[in-house]
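Next up, some structures in structure tokens.
Each of the next two complexes has subunit A plus one more chain, namely subunit B in the first and subunit C in the second.
On to the complex of A and B.
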């Protein structure tokens, strides 16, 4: 067997964040602050919160802070809506120097007044940014007063950028959702035979794909968190008798809380890849203890698998033996990708995430081959070094990683929130294979 | 005509923040890197935005300020960040930009920078600080201030030489290359700053370099004060941020502040200044290009005359586009910028006064405001960056992309719009968009107007 070389970073403080499977037994360091100056690919708390909440379609998303935070997050994601499209607007209190000196509370209150008048909405999310915490604006008080005045929900999102990393933002978003769900009079709507689908943001209609599958099985989605969700649907979240979690990184905390507070059990599922989609559908039927749902699931699985089998096989023949590098936001996505690549004959030689949790890194380590480099909160230097060292043919990542791959003459898969094609379910599995094929087998590589 | 107004809420921003603008000039200095003193997200969001426009890897470090740094000061973070940045990139120059957070907690970056260099024994290292709080202005001000601080940090009294300073605003790498080509044709010795024509639009080449080749040479900037003159395409830059003003005030370098060389008049002006400064003749090649532009203008004039334009974006570009539109009868009905841009207002007023259309000017605009005005003013073509996409989606006004950022189409870095040749290409993009609209709609609209529902 070929000797496994140890992955070494250029910066000492980064050493514990990088492991080579098979060589190092100690736990990978993760969920820690980024090391200054290393050009981390991570964003901030606000980013995490905005990613999770922005798909709530009929809410006013108001960013309390200077313009940048709002500007850089305006309609940059591919979440689709079947109703309102208010979520595609980005509102900001656009704080200036004067506001920073004298405080921004008054301006925020007036901003909410104006917006509520102009855009009738039952829900306002007010995102806190870095300086809001520092200048001492009392977001809670302003939101509370505005809610009383307008008789709607105005929920502060504690997402000051410096209070943690992106995961802290997920948590802030979940806390905001929990406040929304909480009933003021303590009364809860009665349970129905339906599920909440957590951690799908309806990119390119992914929630709709899964909704159709479940409908065929006789199970309704009560509300998805948060793809194509609305104020009303979220308010009734406690009606569901089961929570299924796709993106665990952002939603695990919410699922735990919903179980603790409202007794709704949860389970992890994944609709990425053929294998995971089939097993998730079966497990959901089992959770409902419903043989009829199970029978319908089998029917669906047999029918849909047959439809895509030949296509996937065709791609697999052309892709077999290629090597992939993965660098994505969360652990769930990373784990799913390893399996998806396996379905089309591709091995993963480098894998990392921005916000993976220890248990997710354990799962990753179990799944990958010896010698695979696993890294948390990587930077361009490390991505370049390990992708080249491991001979990766393609990288999966987001917008920032794409030009790096291309400059290295490497194929690239967009697995970010602004993609325009679904990767979920059976249709998604074919889309994924087709995208890998389109980037690995393009004639342009003949010229470099 | 409207003027600025205080507003409680910005709905769909038409501008970005100051440090974003500050990054770009540093990308145009040889072997340089930038670190942003603030929380991790600032640098990542800006990198993402810039990378998507240029389709280039954009490496910008962050001091990754956390809660502790925010409470007790971020000096340690910034110094550690500088250490790591140097270890990973070995840059020849580093820019330190601040953020809302760093400025609000009162970080003294000049002191931190000085003490860092002393501690590491790097006294002569070019570590250039730029105070860019996000609330201090738009990305346009950040851009100008960064250029000014780079020059102020490096320029020193030096012997006179023949290289003319050319200071460019935030235009595309292709535009910068075109300006350099014109300078070559005019046989002008020059120092162009900032020059991101290669660094932010680099050819595919192996091996990959973390810091791309190209950019204004640091030595050239050191000697910038010995230039015979500065030509700055920055009429809208506030004097306090203006690099050309700095060189004029500090070193007595005569300043020729001119618009971006777009259109006949704009390019003539640039060439005219070059002729005046060098005494060199107008080369035949440029004469031909000027003739071709005139030919293009005549060929398209009737189509262009149908155009009623809304123009938005960075002040300097809005002014140049408005001038070019005025030359061609694509009369602006609305010119808007997200920046304060007091100077732009003063420049646009006399320009638009000669227009047969009533034109409005919106400063500190947001896109909801722009759209509201458009519903009344009924422009049929929009010219500006990608964030104007709702004008097409919601108001049905086609958008000719121009400026920064362009993130819903490719090629923002390759858009050529300056000089005679570039203006020709710009006009073709505009005219063809108008023609496409015409072809798309005229059969149905004529049918509707004269056959289905005739008025008489």
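On to the complex of A and C.
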């Protein structure tokens, strides 16, 4: 079969979004709108807001719009709960033609009434979708009235799809969380020796791994944003004395705001890979200025590293020299992945993100080898072109990239919603190596 | 336990909980993939396109490519004219398909972009085509979207050029898997009748692995064939909801008589499909197909005692449900609940007869069941809580109900996100019915084995 001929040059406008390390000096263009008529792998504002807020387990997540936006996001996040399962149901106002013509406010109010009667939830998130932004429903007013009527919190999420890309959705979600955290009487709970863990969505139970590590160090997680979180825990977010951020793409803004408004300092950490996990634990102990926590962290690091050393070594021996391509959502995850691959002997030859920020792209450029291709908001043709050109054996990506890699006869691991094993901490590092091994070294590739 | 559905049923009118449908554009995107060398294009925010591609990719486990107009705030205020014009230019420059099939979204519909005039006023490279369909997400469902895009193919392409209609039949397969489309084509070949199937996603979303990525697969109905549908002597619309409207449009435009029949699923519906062909073309049903039918009925007889009297709940898309209800009735099962999320009829669309059709089947069989269009899975779950069933059939989203109520579950329909292979294998035709029989009996008998006490555990069943 003939491969599709890649038009050369690809869309002229896309040139600034791609660079090869060592070749060009100019800044990579990113965080801009996608070019119309391209196969963008990107999603919308609503998507960004939904993925951040959806793991709040005991909230009613009501999507105000036609059915699609709610259908496509029904329980796709894979974030685990230790309590309520309400977040795994799909609630939509299912706007029809009449609602679009006459307005959807009444239906929205009715939907909230009916749901609140059914479920004893204290919190409702109402997501705005494209159409709501255009027909001009007053979400604020409906939510305010419903909150008063039911004496619970009904928070509008301003996530009409067209107002930006996924990053704008992260921001809309953070704004909704800030509204939730804000105390109406200005009174704040007193600080405790605990931290908020920002940007972990408890995929495959990752929050729980980190929670145990910190507990061993004598530090509690106050609340995770937003993996396995609940109304009550989020309400008490300001009790924490430190915010640590895993997924910076979605949570950097919230961390800044929490510092500005409530004086909670923040730091970036990463629990992906052995190196980053160890240094993150040490830095947290330092931040608390607590020698005892530091001592316990060292103990933990020594013990856990020893436990996984042989396993990682076993995988490294088998994976050494392979080449990986990375295409993930945020820039920070991409940075961690480069290091994590290095730990198992794999070089990254192509790396891209959907929503990376300029400073993250700079960090990536510093980390990777000469000749590595770096690209923002890539489309499948570009991914294909560079993966093939650079001789990648493996792609890390999300749902839409998986079959593309497979068709090229290339191994794949999901570092997104579909991950099935936790990839955080020491156990996660082994899982990661095992996943890479099981896809790279599967016999199926011999039959293509 | 993952179950937030209370048993007590209260009337609701404020929307949907756990939908049994999704929106029009994804149906339009799927239909467009059934044209050879076609780029589906979503005229709206980039999220829509991304979600549809993700959903289709998860179901078919194949790359699904489509482009988007990437609406911004500006486009939403001033209209998406320039977005679409730029898109048309870029799509042909970069991806170079033969056809670009544009569908709208709730956003572009509401701001009122006039697609026909935008397309007419845009320079399109020679030999290339841009077609469109209006697919407002706030009407109908993904099935309506499939129907509208297929109608768009008729509007733009089908042409009557011959005085006398050709001895060939148009087949509109409906929103089914490529495995089903292949099976329908196999039956057509066995019947020896010349046919044009459109849309045809086989060879597009079930393409073989070659070590190379081809953006547009070998499959899909060729443009010249869609044009030629105007010269056929008959159109068979398989399933009124997804295929009826385009067939009627073809009748209006090119005077090709339209006959709407059920999706050929189960003995009776497959019989009707072959009979319709035999009547129109004076063709004999070949022995191969007769043999398959005989085998199917043989299996039904061999195993009827597994099925008789078993209560079943079915949900999904209306065309499949109508035929599937008929099939499970033919096995002696009792379909107590039959529910689709697709509304009965839509403004400007066909008037659906789903509830009427299914109810009359149940009445004839003496089954006292509930039938509902525009329903949701929350309601179905409540029905089941109030009157249990032995088996649940439907798309992946049924797994929550199956788990909560501990019911055997057969996955059928769209989307199936947690099991593989099904897009390759048919549920239509006699062969497809055999496969369904196997799936249903495996589910029921695996459960019987699991639940049997040691003394009741049997080797031969």
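Throughout what follows, the second predicted complex is superposed on the first by the 439 of 448 C-alpha atoms of A that agree within 3 Å, B and C clash if a C-alpha of one lies under 4 Å from a C-alpha of the other, contacts with A are read in each partner's own complex, and residues count from 1 in each chain.
Methods note: a residue touches a chain if its C-beta (ideal position, glycine included) is under 8 Å from a C-beta of that chain, and two chains touch if they have at least 3 such contacts.
Quick caveat, the model's predicted, so the values are computed rather than measured.
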Record, for the superposition on subunit A, whether partners subunit B and subunit C clash or fit. clash
Examine A:413 and indicate which partner it touches, taking first as subunit B and second as subunit C; both and neither are also allowed. neither
Does subunit B (first) or subunit C (second) touch A:86, or do both, or does neither? second
Classify the contacts of A:242 with the two partner chains as first (subunit B alone), second (subunit C alone), both, or neither. neither
Just to be sure I read the superposition right, which of the two partners does A:44 touch: subunit B = first, subunit C = second, or both, or neither? both
Subunit B and subunit C footprints on subunit A, overlapping residues: 10-11, 33-47, 62, 65-74, 89-97, 99-100, 107, 110-111, 113-115, 129-131, 133-135, 161-165, 380-381, 384, 399-400, 402-404, 406-409, 448
Under the definition above, what is the set of subunit C residues touching subunit A in their complex? 1-4, 6, 10, 12-19, 21-23, 25-26, 41, 44-55, 57-58, 61-73, 75-76, 83-84, 86-91, 93-96, 105-107, 110-111, 136-139, 141, 207, 209-216, 218, 341, 347, 378, 397, 400
Show me the residue ranges of subunit A that touch subunit B in the complex, using the header's touch definition. 10-11, 13, 33-47, 62, 65-74, 76, 89-97, 99-100, 107, 110-111, 113-115, 129-131, 133-135, 161-165, 379-381, 384, 398-400, 402-404, 406-409, 448
Applying the document's contact rule, which stretches of subunit B touch subunit A when the two form their complex? 7-13, 15-17, 19-20, 35, 38-49, 51-52, 54-67, 69-70, 77-78, 80-85, 87-89, 99-101, 104-105, 133-136, 138, 202, 204, 206, 208, 210, 338, 368, 387, 407
Sites on subunit A touched by subunit C in the complex: 1-5, 7, 10-11, 33-47, 62, 65-74, 85-86, 88-97, 99-100, 107-115, 117-119, 129-131, 133-135, 161-165, 380-381, 384, 399-400, 402-404, 406-409, 448
